[in-house]
Each structure stands twice: as C-alpha cells, then as structure tokens.
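Provided herewith is a single structure, encoded as structure tokens, for subsequent inquiry.
Chain nomenclature is as follows: A, B, C and D, assigned in order of appearance, with residue numbering initiated at 1 for each chain independently.
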Amino acid sequence: MSHNTFGHLFRVTTWGESHGPAIGCVIDGCPPGLTFDAEALQSALDRRKPGGSRFVTQRRESDAAEVLSGVFEGVTTGHPISILIRNEDARSKDYDEIAGAFRPGHADFAWQAKYGVRDWRGGGRSSARETAARVAAGAVAQMVLGPDVRAIASVTQIGSSRIDPARFDAREISRNPFFCADAETAKGWEALLDQTRKAGSSLGAVVDLSVDGVPAGWGAPVYGKLDAELAAALMSINAAKGVEIGAGFGAAELCGEENADEIRIGEDGRPVFLSNHAGGVLGGVSTGQPLTARVAFKPTSSILTPRRSIDAGGKEVELRTKGRHDPCVGIRAVPVVEAMALCVLADAKLRHRGQMG
Amino acid sequence: MSHNTFGHLFRVTTWGESHGPAIGCVIDGCPPGLTFDAEALQSALDRRKPGGSRFVTQRRESDAAEVLSGVFEGVTTGHPISILIRNEDARSKDYDEIAGAFRPGHADFAWQAKYGVRDWRGGGRSSARETAARVAAGAVAQMVLGPDVRAIASVTQIGSSRIDPARFDAREISRNPFFCADAETAKGWEALLDQTRKAGSSLGAVVDLSVDGVPAGWGAPVYGKLDAELAAALMSINAAKGVEIGAGFGAAELCGEENADEIRIGEDGRPVFLSNHAGGVLGGVSTGQPLTARVAFKPTSSILTPRRSIDAGGKEVELRTKGRHDPCVGIRAVPVVEAMALCVLADAKLRHRGQMG
Amino acid sequence: MSHNTFGHLFRVTTWGESHGPAIGCVIDGCPPGLTFDAEALQSALDRRKPGGSRFVTQRRESDAAEVLSGVFEGVTTGHPISILIRNEDARSKDYDEIAGAFRPGHADFAWQAKYGVRDWRGGGRSSARETAARVAAGAVAQMVLGPDVRAIASVTQIGSSRIDPARFDAREISRNPFFCADAETAKGWEALLDQTRKAGSSLGAVVDLSVDGVPAGWGAPVYGKLDAELAAALMSINAAKGVEIGAGFGAAELCGEENADEIRIGEDGRPVFLSNHAGGVLGGVSTGQPLTARVAFKPTSSILTPRRSIDAGGKEVELRTKGRHDPCVGIRAVPVVEAMALCVLADAKLRHRGQMG
Amino acid sequence: MSHNTFGHLFRVTTWGESHGPAIGCVIDGCPPGLTFDAEALQSALDRRKPGGSRFVTQRRESDAAEVLSGVFEGVTTGHPISILIRNEDARSKDYDEIAGAFRPGHADFAWQAKYGVRDWRGGGRSSARETAARVAAGAVAQMVLGPDVRAIASVTQIGSSRIDPARFDAREISRNPFFCADAETAKGWEALLDQTRKAGSSLGAVVDLSVDGVPAGWGAPVYGKLDAELAAALMSINAAKGVEIGAGFGAAELCGEENADEIRIGEDGRPVFLSNHAGGVLGGVSTGQPLTARVAFKPTSSILTPRRSIDAGGKEVELRTKGRHDPCVGIRAVPVVEAMALCVLADAKLRHRGQMG
C-alpha cells in the first residue's frame, strides 16, 4: 500500500519527484467560501525555498504555485484544490555516479529492496523537495484554521550547540538564516555551518514547535489522538528521528506531583493551567494551552566525505555524494514542521465538528 | 471523528470502558488459514495483567479472552476476530469524589471540553485498561508475522535511574517485576518504587524496543512511513510523551559521517550495516536491520498527594486520586509497546504484499 | 483486504458467524450526549428477528442486544458502542452434508476459492444472520439522525407479483407478515409463499425505500455521492442484485423534458420540486426531496429441490439444502434496507458538518 | 467530508473543473516495475473524447495526457502517478445566463444548498468532463490487471429502443458512434438521435458491461463486496440512476431453482457454471465467471427546451441550457463504465493479495 495521502477530512495527496517535470498536491475537504490567500501560499513556499543563503542548498527554484482547481473568483469551492510547482533547476548529471549505488543514510537501499526500481535522480520521490507540497498544503490549512491558530517553529539546536531559552525571541526567527529565535546563538552558527560545509560534512538539529490558539477539545481518542497524529506527521518529515510532546523525554524524570499541570480559575473566570508539561494535550485531546512539540533531525546524509557502501550489483564501493545539499537539513525543516502541524490541526478541527456538530 | 480503529489492512478496533461490563477488540483483515494460538493470546494478556506484584495496581482481573468469531476449528477464517474480556474487579465507589472534578494530568478536563459528558468511573475510556485490547490484538499480529519477527521491549529508565547498557541481558526481562534487562538496576528499583508508593507519588519511565526479523522493504513513503506509523502507534499509548527511532534525539548531535550507517557485503554475501543509527528504517522503509525505538512515559497522574484543580462547575478544588494505581505506568506499558509494534508490522506486511505481490 | 467496517465518520464494524457463540457490532463516531434508546434498538431487532411467521425461517432467536460500552447513565459518550447478540438456536448438524460441497447460489464456492478455509455451519460469516448487526447499527443511526429523518421500506414485488401502487398505504406495512403496503396483494402472497415453501422452492423480491426528512446538502461529490454510497450499502445486503435511485432504469426511457424535475417556489416561500425522478439526489447531494430507491433480491439459494454442484474435492454432486430458511429472503430484508439507509445518512450528516461547520 | 478519492490500495484522486485551466488525477498504489503504456493511456482518453461525431458534444479537446510523476524510464516506480489534462475549448460565456439559476436535473440546486458557492461555468466540478480523469485512471488500472482482464461495455438501449441480443457482436462496438454491439440497431439510432438533437431534447440509455478474465476469489465481505463496490463505482458516474449485477431486477422474478447457477466439472477438470445469473460474484467474491453489470443513465439534463426553475435569489425563472451538450450522455459513458470497473478490479486484486499473500 502506497501512502501519499495525509489526513482524514482535510486530506492532502502529494506527488512528484525531485528531478521530474513538477511536484504538487491535491487538497481535498477544504471548506467552501474561504477567501483563498494566494499571496500567503506563495510566501509560505518562499520561506522554505532553497537558495536563500549560503547555509542551505544552492539549487535555484522559483517554487511558483499554480492553483489549478478548487478556487473560483478568489474563494474556495469545497472541491479539490490542485497545486502545481514546476521543477526548474534539476541537475540529474550530478547523480550519474550514484545511479546504481546506495548512499548511506538515504532511502536508496531500502527503496530498492522494496520496489526493485528507483528514480535515482536527486533522490527521486525520497527527496526533501517533496516537502514543498507539504508547505503548500499547510498554507491552505492555515486558511481553514484562521489567523487565531498560529504555529511557530524554530531551530533550537544544531549539532550540540543549543540556544539559551532565556534569550528566546520569536521576532528573531525571520532575521537570521537559521530560523533561530536566539540572535546570539544564531550568530555563532554561521561559523559552525561554514566549517561544516567546508569539511564536506553535515549536522543534525532540533526544531521546537509551539501552536497557539488551539481550543480545548480537538483530537480523538484512542488511535486518533492529537499527539499521536502530530507525532506521525512530524516523524514523516525527511530526516526526522524523534518527536516529543510537551515535556517529552524529560517527563520520564519527573515525579507525579511535578508533572501534573495544576488548574486554577483565572481572573477572567476561565480555567488556567499553572504549567504545561502536557504540551497542550491530555488523553489525546487539546486542553486549550499551547500545543508544544520538538523534533530531532539527523544530519544530512549527502556529504562529500567518502563513505563505504555497496551498489545494486552487490559490489562494495566508496561513495561521496556530490550535488547541492543542505549542510543541515533541520534548518529548512522549520516551515515544514509548521505546515504539518497546521495540516493535523485543520483535520482535527473538521473531524471535531463532524462528530460534535 | 472518533477513532478507535488502528491499521489499514490489519485493522484493530477496540472498545470498552474501565468500569463497564467488558472491553474488547475486533481484528479485521487477518489472513485465513493461520493456526490460532489461543494460549499465546492468553499469555500475552497475562503478562500485561494487573496485580502481579506490589509495584503495579492491585486491581485483580483474570483478563480471560473469549474469542467470539473469526476462528473455526482452530484456524483463522479471514473474517473478523472478536475478542471479549470481562471487567471483574471494578470499584467505581473509589471515584465518587472525583466524578465532577478534573484530575490534573488526566484526560478529564480535555474530554469534558470535547464531549460534555464523561464516564468518570476509573477514567472510563481513557483508562489504561483499554490497553488489554491492544495486547490481544498484538498477539494476533504475532500470528500474522510468524515467529521470525520478534519484538522485545524493556524498561531502561525509571525516574532518573537508568540501566547500564553493558549489563543488558534480554533473559532478565521476565525475571523481575519491572521488565528490566539489567538485573542489578532492577534490584535497586524495588526500593525506589516502594519509597515512591509510600510517598503517594509516582515516577516516569523510558521503554526501549527492538524488533528482529523484519525484512527489508516494509513501510511506505510518504505519509505511511514505517517510523511515522510506529511513532503514532507508540504515542497513542496512555502517558506516552516522546518517541525516538534509532539514534533519536542523539542523532541531532551527530555529524553526517558518524550518522551514516555504512554498508559492506558480509561473509554470507548479504549486505551488512556497520551500525544502526537509523533504527532499521530509511526513507520510511525497513532496511532489514533491527527496528529500534524508545518511548518516554510520564509519571502516573493518579497520586495520593493533593493537587490543585477545578471541578465541572468551575470551582477550585484540591484533589487526591484514590483508587488502585500503578506507581509507574511505564512498567506495564512494556507489553503494550510490543503489541503496538507488532500491529504496525503486521499491517505493513500485508500492505507491502498488496502493492508488491 | 477484509472489509467489515462501513462508513467514514459514523462507522460500523460487524463481526460474527451464523453458528458461532455470538454476533455483534462496534459503532464508532456516534456523537456524545444523545439519549440512548435501548427500547428502540430492541424493537428494531425484533422486527428483523426470525421465526415471526410461517413465511420466514423457523430459527428461534431472542436477538437480545447487550450494550457493552459507549453509553453511560443512559446517554452516548462519543466512544465506541459495542453491541453483542448471542446465537441461541444454531443447529449445525443440518449442515453436515454440505460441509464439503458448494451450495449453488451461495458464497461457498467463491469463498473457498478466496480463503481456502470456510466455516460452513449455516453459511458462517456469509449468513444473513449478520444483518442483525446492521439493524442494531441502524437503530443507533436513527438516534443520530433524530426523528425527522424517517426511512420506510416495504416489499413491492414477490416473484412476478407486484403491488398496486394505488393501494399503497404505509400503515399496512406492519399489519402483514410481508412488510407490504398493499393489504390486498399481501393477502395473495400468503398462498404464493405457502405453495413455494411446499414445493421446496423460493422466490425473489423487490423492496422499495423512501426516506423523508433529509435536508438538502448531504452527500459529497465525486466518489462519495449519496446515491453511490446508498447503492453500495444496499448492494452489500445478502442476495441484493440491483439498485435503482429515483426513476432508476425507467429514467433511461425518458426524454430530457420528462426527466428534469422542475422547481417552483411554494406558498411557504421555499423551493418545491414538481416531480422526483431524481430520487432526492442531484450531483450526489440531497435535494431535500424524499430519497427514493429500489432493491432487487434474488430468490433464497437454500432450496430443498436438488441442484447440481461440486464438492471441495472437485467431485460432481447433487445438493439439496436442508436447514431452516426463508422462502423469500427479500421479506426480512426490509428492516435491513432501512438500517443501511440510516447508516449512510448518519454518516453523511456528520461528514457534511465536518466540512461545512 | 469531500470525497474525490476512489479505492483503497489502488487509489485514484481526481480534481479539476470543466472550465478551469486543467483537470487531472493522482493514482497512488500502482505496483512498481510495470511497463507504462502511454499510448494505451492516450487511446483510452481519445475514445471518451468529445467531438467525435455529431451525436456527441461539439466541444473540441485534444485531451492530451501529461504524465508528471511516478514513471521513470518507461516503468512505474510505485510512487504516485500524476496525470494532467489541459482544458482547451471552454466557452464560459455560454453559461452566463445560468450563473445564478439552477438548471433542473443538474447538480446546481443541491450543490448551492451544500456549498453556498458554485463554479457555474460548464457545471464546474459536476461536469462530465471530470470523467476524463477516470478514464486515465482506468488505463493505468488496466496495466495493473494485465491483458487477461478485459472489460467490454456497450450501449444496449437508448430511450426505449433496445438492441437485439441475438445480433450482439463485440467487434461492432468500435464501428459506430454509439458504442453499440448491434450494427442494425445502431443504424436506427442515427435518426433517433438526430431527431432528438433537433428537438432540443435528450435521451436516456442503458450500458451493459462484461469483464472477462477475473479469477475466482477477488472481493471482500461484508462491506467491501465486489458487487457493492462496483455498484458504487458505476452509480458515481454522472447521470447514472440504476445498477444491476448479473440477472439484476430480473432475479426478483426467478424462483430458486432457476436462479441458482449449477456447477459441473468441465473437460479440463475445472469447475464450469452452467449459467451466470450471479453475474460472476457470490457472497461479494468473484467466481471466475464473467463479471456482468448494467447501468441506467438518465437523459442529459442540458436541453434547449425551456424548463421551469428558480434562481439563487428564490425567483421563479424559465431556463433553456445553451452550450454544447451530448444529446445522450449514456453514449460517452461507455469508456467511463469500463474505466470504473477496471479501477474497482485493480483495487480488488491488490487488496486480495494483501490479505492472502
């Protein structure tokens, strides 16, 4: 079973390969009558777009979104929204050498074992280029959720260098090439990344996510828990290796008294949680607190340093991966993390009102 | 949208509340002609069963599985397998006090916000009692997978006390009440848990999982990745707050050279990976290496120490949760972690051969 | 892929075999806070129950529904509703002779080809006994839809004997053992059925369905059309061979002017359709007119007259099907037709408000 | 819940409006390694294409398929196949008059009630133009099924004029503009259609389908029955109002002895059915006999004769539908009927081997 569709009521199907003519998505289930914000869609894509700084891949793509259906006179019709993005700067020649060999850390070996055939150009369908379609879907999800639901992700760790939470300032995120909320740490990352790139190496990263404005009540026990769906959504992003909700692995070290988020009645007469170890979700259902999560990304597998591997014929080889790559794939994952969270939430919103009215 | 069904081709639907007459599951999609191992089913349930030691809840349940359909003359028929487990030792009176109040850390507040109505007896549907049905399903999944696929989970951390990986011995897991593979650490946990229980407190835990015998090729890009589905499956377990695949958050600290699992040809002429940072999955598809994951569980939310909260009427209250509870919910999660992994894999196996033949 | 689940948001999973210990269903997605009408559930089951007259099977089942979950203090909780019905009067011995042979017209041959194993007792899972679970689900669907949505089915043809539409009186349906709205025709069917039963034969039938109170707007293009889903639901009933919506096959003989249901504004200022060839659905979406459909049922395949067939070993045999059977399976299909329509509509209602709010 | 995806393992998502820039589909789940027959795809589209004779709509579309993904070096990769078809000859001006009014028999009224917004140009998403995407998917389904599975549909009735079954010759189907297997009747239809067109009217039709080469064992009880899924697939085609499997409504008039398809062992030692009232499916599973079905299509709702209706403002109006239309929409439905059957079967094939191996 192939599985290129995500979501239940707000459903996103993506398609396309890194070096094919185009990539795209079809978004089904969008409510009708929403103002379609084409500019917001393009902005979201531009934010993820490669080539923005020397710290990301130098592939040049305009990533211009063509909306082919589902919008009429500037408004969603409730029918599928098909979005097309042309591939413009594919250089398949870079990959000739590795056409028959399996790059360590990449999908190559496993996909060959599964499919017996493989579009090796730029990683084909396994390329992070696919995430542009996710970002497009996330922009539409935002239209479904409205402006009150606001997802903010940022890089909080590259390699073993972490930000100082005391310096976290969300306004900084758009001011440096690392989507980093701590200006000082971001400064230091320039040298770190330059050095990594020059060494033909790469680094892992951690992305923190917080979503404000999610009302209490979204999500669904038992196998459609909001945190379980968020975990799947985030783990499905290329290179993701870990997901935490709220206190995450730290919760394992707490005792019950510390972990329980106590509740009081605030001055406005509404419930107030005194802490948020839960990360905004209890029993799989949102509590009205910010939804918080963290995602670990492994270092980019495409590196210039030769690594030992085998080829499709079973011969041992040494491989260095040429082509244009992100030295730290976690950086450009930031808009993708936000997009996936928005897709999960748009789906949760529609599903909630489906059952509850 | 309520979501009490898990899986695509191997599909499990669970139902039932902690203090209702029974809980159970319906397993659809099981291949026909398999010898139905009723004994293995009961063993799996017995392993998860409460009341086994002083370190878990004292609720006494025989957890006897009644198989009501889908098996004929000892063999699966390919039709839905309905399994029923009676609730025998429910003491709803323990919960009278909290009928109208929201226990911090529990689903109470969020579910009330969602549903407006709540079976408060023992947590109702949000109780970990539901996991018995998952374990039953896991036992059937094991029949689908056959004996070569072998999932082994164990507790590797309680609170801040970690096992020594050098002392890991899988045979020890069944020899102590903590599902711990390090006999010496397990010894120490007795005092830790006794003390916690006496203090009316609770502790978090980490469970490590390794699955051997998964062939290369299972799983499906892009939104049906084996690791994404495993993440959802594990995060859907009560009290889970974090999931790692392979090196997990540790991968964020590696450089590309370290993280890439190099491949050689072994003496038997088959590919050998020199490490397993990937945790047995690349591009969402299994590599043939052991599938490895870790799950963080928060401390049990039901504690005797009073915590501040509110009731359904919006009044501030102090709550201590009586009833019989696990001082560390992560312990009894071990068979559940294995069961969920087996369900994911049985589904992946069927889906794989659906597309591939 | 086994497929014992029906619906998307209002989802019904059924399980159980004719001669196993029990049959049942799990209904997921029911909105919370509905008064659970246990009496209505039992009435619905009683209406379908065998043994009510000499014109149906003489198997005696109390068909008492046990509700095991999802209802608390008389109200639905939004969690899965598990309903169990014990099998009480199974006589497997009647089937000994046909254990290894394929009854013509039955699922036996095809299911053996598919599964290689078969619970032959009373047809196992292919028995119409499974429809009791559908009727239970339909009763819950009615609670979701409320009393305004009212499905009325009746037998309008047995063999080649048709009712006179001019004599159609819905009140008559419950007054004869044929669910027939034409008292005079029903009278004649007594002799027809007696004669058929004595001859060891059986007859086909047609059931007409009309559902009032469906608002305009339910259903979903393109592959979730209300009429397409209704067609699947009705065709999935045992022995169904044809489904018509509105004018059905008669529409093929109309010209465009005749077929188009013209619209005017009624005295209450609301749209009025001057005819209903469409059967209450246009473009897959309800129009607010009565939803009308017809279902053709083949004659019961279990007959006492010997028929030629083969056995599992490939030997030619002659078979007469003993056991207790309905001489016209279409009769007891009436409550099942209504139940399936109600399930489709409950699902459509929830899906509609999911997308539309 | 919007529902523009069809199938479970072989899954087709279609998108696009009649007068938008393009329509298309994404086919997910196609097995890898199949030779992608681009020529067969284009032939299939050409067969459905408008403008082929004076008996169908005069809209001129080249319907050239652009394959954007999922095929590499002439072979399917197992990843989604995205197919794009540009709209070239849309004349939205024809529809200006009816922008705010509801054409009787069309989706207009119901969709306005549902969505509150509507792309009225050429019917938007409700246009039969969408079926081009279905035909494209059907061509891919054929590649999955291989040449042994062969679907043949033909028009057997227009208005009240039926073919003579004795003259049925499948080779004739491609020799006349009506997809009619009876050359003599086809001759007569020329005058009938000319007259209908000149009268500004339209006619209904019946399409018969037979599929050879389906092995015994495909399909899945209880709610995934092959005939139930076929019924949904066929009823989802624009203007379909009835579906019969095998003997269909005729089965209601048979007695049990007549209806039961007796089985003997043929000279080759394999089972032979002596008749096929079942239409190749028993208990929802294929028997190895030809799969037979019939579909009733209502007359085209777009007619030049004025009909009474209302507009969006609730005013009574008279409408005649200009634009270019098929006088008998059933004719061009023939390739669509085949395509939908092929999609159902490709899905059934993959699902069967998913559960059975």
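As a convention for this text, contacts are C-beta pairs under 8 Å (C-beta built on N, C-alpha and C of every residue); 3 or more make two chains touch, one makes a residue touch a chain.
A quick note: this is a predicted structure, and the numbers were derived from the prediction, not measured.
Note on C-D: across the candidates A-B, A-C or B-D, the interface recurring with over half of the contact pairs conserved by residue number is A-B. Compared on C-beta pairs in contact, A-B and A-D come out with A-B as the pair having more.
Per-chain CA centroids place subunit A at a distance of 46 Å from subunit C. One finds 39 Å separating the Cα centroids of subunit A and subunit D. Measuring from the averaged C-alpha position of subunit A to that of subunit B gives a distance of 26 Å.
In subunit D, the residues that touch at least two other chains are 1-5, 9, 14, 29, 32, 78-79, 114-115, 125, 221, 350-351, 354-356.
Against subunit B, the residues of subunit D that register as touching in their complex are 9, 29, 31-32, 78-79, 221, 350-351, 353-357. Taken together, the subunit A residues at the contact with subunit B in this complex read 1-6, 8-9, 14, 102, 104-111, 113-115, 125-126, 130, 157, 159-160, 196, 201-206, 216-225, 227-229, 231-236, 240-265, 269, 271, 274, 277-279, 281-288, 296-303, 305, 307-310, 314-316, 330, 351-352, 354-356. Put simply, subunit C touches subunit B in their complex at residues 1-5, 9, 11, 13-17, 20-24, 26, 28-30, 32-33, 66, 68-70, 72, 75-82, 84, 114-119, 124-125, 350, 354.
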